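Chain IDs A, B, C and D follow the sequence of writing; residue 1 opens each chain.
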Amino acid sequence: MKYFYYPGCSLRGMGKAYEESWLKVCQKIGIHLEEIEDWNCCGSTTYLGFDEIKSLVLVSRNLAMLEKEGGSEVITPCIACYYLFNRTNHNLRDYPQLKTETNKMLQEVGLTYSGNVKVRHPLDVLVNDGWMEKISQNIEKRLERFKAVCYYGCQLLRPYCEFDNPKNPKNMDILVSLTGVDVLDYPLKTKCCGAIITSNIPEKGLELVYVLLKEARKRKADFIVVTCPLCQFNLEFQQEKIMKVYEEDVGLPILYYTQVLGLAMGISLKELGITRCLTLTPEFERSLI
Amino acid sequence: MSTNNKEIRIGFYICHCGTNIAGVVDVDKIREFIAKKDNVVVSRNYKYMCSDPGQELIQKDIQEHRLNRIVVASCSPLLHEKTFRNTLEKAGLNPFYLQMVNVREHVAWVHSDNEKATEKAKALCNAAINRVRYNKPLEKKRVPFHQDVLIIGGGIAGIHSALILASAGKKVYLVEKKPTIGGHMAMFDKTFPTLDCAACILTPKMSAIKENKNVVLWTNSEVIKVEGYVGNFKVTIKRNPRYVREDLCIGCGQCIESCSYKEAKYPDEFNLGLSKRKPIYIPFPQAIPNSAIIDDKTCIHFKMGKCKQMCLSACERNAIDFNQKEELREIQVGAIIVATGFKIYDPQKEPEYGYGVYPNVYTSLEVERLINASGPTAGEVILRDGTKPKSIGIIHCIGSRSEKANKWCSRVCCMYSLKLAYLLKKHTHAEIYNFYIDMRTPGKMYEEFYDRLLMERVHFIRGKVAEVTDISLVKEEEGKLILRVEDTLASVIRRIPVDMVVLSVGLEPSEDTQKLAHILNIGLSAEGFFQERHPKLAPVSTFSEGIFIAGCCQGPKDIPDTVAQAGASAAEAMAMIDAGYFEIEPITAHVLDEFCSGCKSCINICPYSAISYDESKKKVFVNETLCKGCGTCSATCPSGVMKQNLFEDDQILNEIEGLLVYE
Amino acid sequence: MSEQNWEPKIIAFFCNWCTYTAADLAGVSKLSYAPNVKIIRVMCSGRVDPQFVLYAFANGADGVLIGGCHPGDCHYSEGNYKTLRRISLLKKMLTQFGIEDDRMRLEWISGAEGEKVKTVINEMTENIRKLGPLNIPEKFITWDRELEKRNRGSEYKLRV
Amino acid sequence: MAQELPNKSVIYERQLDVNFADLMQSMPGGENLRRCIQCGTCSATCPFSHVMDYTPRKIIYLIREGFKEEVMSSFTPWLCASCFSCRVRCPKEIKITDLMYLIKREAIKNNHYPPKTPIVSLTKESVKMIHKNGRISEGYLMGIVLLKVSFLKLLRMSGLGLKMLLTGRFPLIPEKIKRHGELKKILAFSNKK
């Protein structure tokens, strides 16, 4: 089955491993992805602090090109892009004035956007489009020896999540469970990790990450499973510092759900980008093989 | 269409209703427009037509200008048609020469574009002028008013209304869905601000219901059908089986003792699941009727059909009857009082507050039971995890004042939270934190009660808690529930560890409100409570004549207000009953004898069999005492000679034309 | 009125006990809806004589709305059933006349359903707006002219 | 005691901007701001409110009462992580996160923001980069921002940067889109207006 696909800048940068593993998993279960040709950055929430209409235009250019190709749905694995795309649709719908203006600008290069492209996240597609069976069929080695917590973060769930319960999401838990990993209850799964702030003013956000790690450790998780490149980075790069400040060993590997799925499907650590992990200890690496 | 136009002299009046109408509809323009119409002698606008000067204005005009048709454009005829008919009568004119135009409910209140609203009003007024020419003088009809009253709901409101009516000698049917009367008030511990015990003031009234010969009490029963109209309602009530005969049971409890279940196993409804009961039980010691009831969903006999039926042999009075079936009872009443109360907001809709997740999070109603001497813990505050709290957080406005839950302020939560704070402090000596948004204490001695609480060293933190969590950040938080809140007055974020959380849940319409509104054909306001006829001047009446509302089914309110409304609705019902009769519209049908062809089309269509065929004349005739005035026969008659008073073809056709062609 | 600022004209017959009460409730609740529907009060929807509907169309209405109590709730036991039967028949007739059957609508609205009055009136207005003007009175004039041409000398006219 | 009294005084109405709330309310996202009942749910749920100079609740209040100067020079909007916790919890459905974007936009438009705020630099630099390349390269972006804010910090973070480079997560060649002219044309059009 074919889907249109928008990777976003992060998946070509710090979230490289996310794209690598996601593409591998898709290949394995037969999802064919068609990347939007010559896509541009969605602007992320940072751009919203600069200009409303230009932010709408940045997103709309991608979706307009997709509509031109005959698409009506797009998969975007990055949760910032997921939010921005949804926001654009909502704002174009809620404020007709903005829609007119946006299209006026797009028309400069012969594009128009309806505001109706359905934005989908892999967690939505994999669970709700019936791919779970395919995933189960492809599982070669069950990961029953591991315990993990699933951490969803913010922008996937808030404010526009329609495919899962935003106050108590389940889709990632369901997917990861397919691999045999014991998914633990984790009440912090919808909390903010503060990435956008911590990556710039680290001292202000340490506590957020510390609590996330500490609770996962307390629940005896072997790793944390995430769905966002920024969460992954933020939870990783702060660990050393946190352990120094709080004088407590709360270190844990942070993996993408696609990496966990891939591991169970027998794909190599390198192919899944797990070797790009900053918190990959030799022991953990051995345990994965 | 034969009307002698020369004789007709119309007076037209459009009401401003303050700014209600005049703020949207250009009343001057309408007045000028109508003044130019044929036969219109007087055309006026006035601030309040329904006021005494307004009515006098019409009377004076009728006399001075020899008016013989009156059109009043104001509010709904359902509200003031009677008023203006009386006005005509006082001036010596037949009241049915009146035609009303509804320019408030159907125009001013529902349209915001002034120009379009004025245009619509113009059409409506023109239609009325057209129609009124064809109005005919009619005689009023009186029908006897049935003396009995039905009260739906056996909480404090229903009980109070019933006792007032019964003491005036009226027969009252009190219908309650639950196995006992008493409602929410019976569950409360103390009442604010006087702190007298709820049971102490309520149970004597409950017993009085049982003792009173004029009250027929049907618990475990529901109203399922209401037919008829004011003075003459026919009501069907479903009495669900109790499996214990109320007339024989004396509430000794032998049956409960002997039940095959040695231990109580099922959540006790009255204690909100904080304690357990057996399948056969008495809701609470002072329940009225003080009779056991068998819950057929949990009783072994009903579940599996094989039980030793120890209860049966234990009852010396042979009160237990497994063969009881649901029964339908039909009664006739003149008036109905609805007092179905409220239900509390379900805090599980907001998982952030941890209700149902953390055992030590309670709703305020559960706390009422918890601190009650006859409650599950005999009044000792022992939490679900077996500990006693040293610190307690009370969070106000749960489910209230929110677009996401209920928009309204539930009115009683601030006061009952203060009361619970006081009682919990007395019971536990714990540190108590109240988290409020705005402290609302309007009411006699209410602010004084707040003052008293301030002196009790209770904390008052202005800010709504966002989250209840057990994830601790510092040592002293371990094992506690932590409340994260903005102390908005100090402008800081605080984390407060407590042992117990009380959620001050709001009040919302009880479950069957919508169903009952449908059965009774009474309106609901936007928030889902029953709609009163007028928010200020008819607070216990509804748009259905003869049906009254009292207590929280109309909107959240405290006990004093509830009791006041209960009294008011009893008095309103009594005023109708004691008049002995009521006037109905003379809207019956009649046949223009000479033109009837005797085709009999109308006979089968009449729902009341009011039309018969006269073999000798070969024509039909209408029995006007049986006719209720629906007009279906009139619509059916192929010759157009079946006429419905006030709704004759001429009147309606001219109204139609008036709406479409007016310039 | 020119085509551009044409506004649908809709006549409504509401029964006194349910739908008219509901319209009052909509008013009391200050629900805002389209000003195109003008309401005539009848005691029961059973009173709505098919000739009222035809008369409304003939006088320039673009749509007719009839509101009664829900089936089983009629104040007069069964008047609304009679309406239902009558209206289905009338609809057939209207279509034969070339009047789209969407121009007439029957709705059950109880006294508690103020919100429904709003939705139905708004929907009806929009539906009629899509159908465009019916304009029978003007058509009468054209038809009369045509007839005149055809039967020159004859006295017959569609409408006097 | 030699301690000085805080430099405070009565606020006169002329010191406030009566049109500020209207301006904010008129922009997409600001519609509901006057409905605030000051319950503080937003601040209590915000993961960063404890480090903000004014809590989100107070920001809304200050906007409503016209304390423009206080709002524009506040760090609060620049500390918003866009996690939308407040937005989904607000009982009056105020789009608080969008309100923060509104303030930031006003601030950047008028060059009126608290000095040396890394997020201001981040915003400006990321916008520049998007306009130039059509895409963001996080490694470069972080480097530039840190350089602008403090060279010292850049040095301190260089270990991390190196690690990211070694794991291939900070690519050496910045990402660029092909039809860059197209994007430029669209964005330029809005400037004309």
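Keep in mind that, in the parts below, a residue touches a chain if its C-beta (ideal position, glycine included) is under 8 Å from a C-beta of that chain, and two chains touch if they have at least 3 such contacts.
None of the values given here were measured: they were computed from a predicted structure.
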{"item": "Result of counting contacting C-beta pairs for B-D and A-D, higher pair", "value": "A-D"}
{"item": "Distance from chain D to chain A - Cα centre to Cα centre, in angstrom", "value": "23"}
{"item": "Distance from chain B to chain A - Cα centre to Cα centre, in angstrom", "value": "51"}
{"item": "Cα-centroid distance, chain B relative to chain C, in whole angstrom", "value": "33"}
{"item": "Interface hub residues of chain C, defined as touching at least two other chains", "value": "none"}
{"item": "Contacts with 2+ other chains: residues of chain D", "value": "none"}
{"item": "For chain B, residues contacting two or more additional chains", "value": "352"}
{"item": "Chain-chain contacts as defined at top", "value": "A-B, A-D, B-C, B-D"}
{"item": "Residues on chain C engaged by chain B in the complex (per definition of touch)", "value": "9, 11, 16-18, 20-33, 35, 38-44, 46-52, 55-56, 59-61, 69-70, 73, 75-79, 82, 86, 110-112, 114, 118"}
{"item": "Residues of chain B that touch chain A when the two form their complex", "value": "351-352, 469, 471, 473"}
{"item": "Sites on chain A touched by chain D in the complex", "value": "9-10, 12-17, 38-41, 43-54, 57-58, 61, 83, 91, 94-95, 98, 101, 104-106, 108-109, 154-155, 158-159, 166, 191-192, 194-197, 199-201, 204-205, 208, 233, 237, 275-278"}
{"item": "Contact footprint of chain C on chain B as seen in their complex", "value": "76-79, 102, 104-107, 109-113, 116-117, 119-120, 123-124, 127, 227, 229, 514, 517-518, 521-526, 531, 543-544, 587, 605, 607-608, 628-632, 634-636, 644, 647, 649, 652-653, 655-657, 659-661"}
{"item": "Contact set on chain D toward chain B in their complex", "value": "37-41, 43-45, 49-50, 54-55, 57-58, 89, 91-93"}
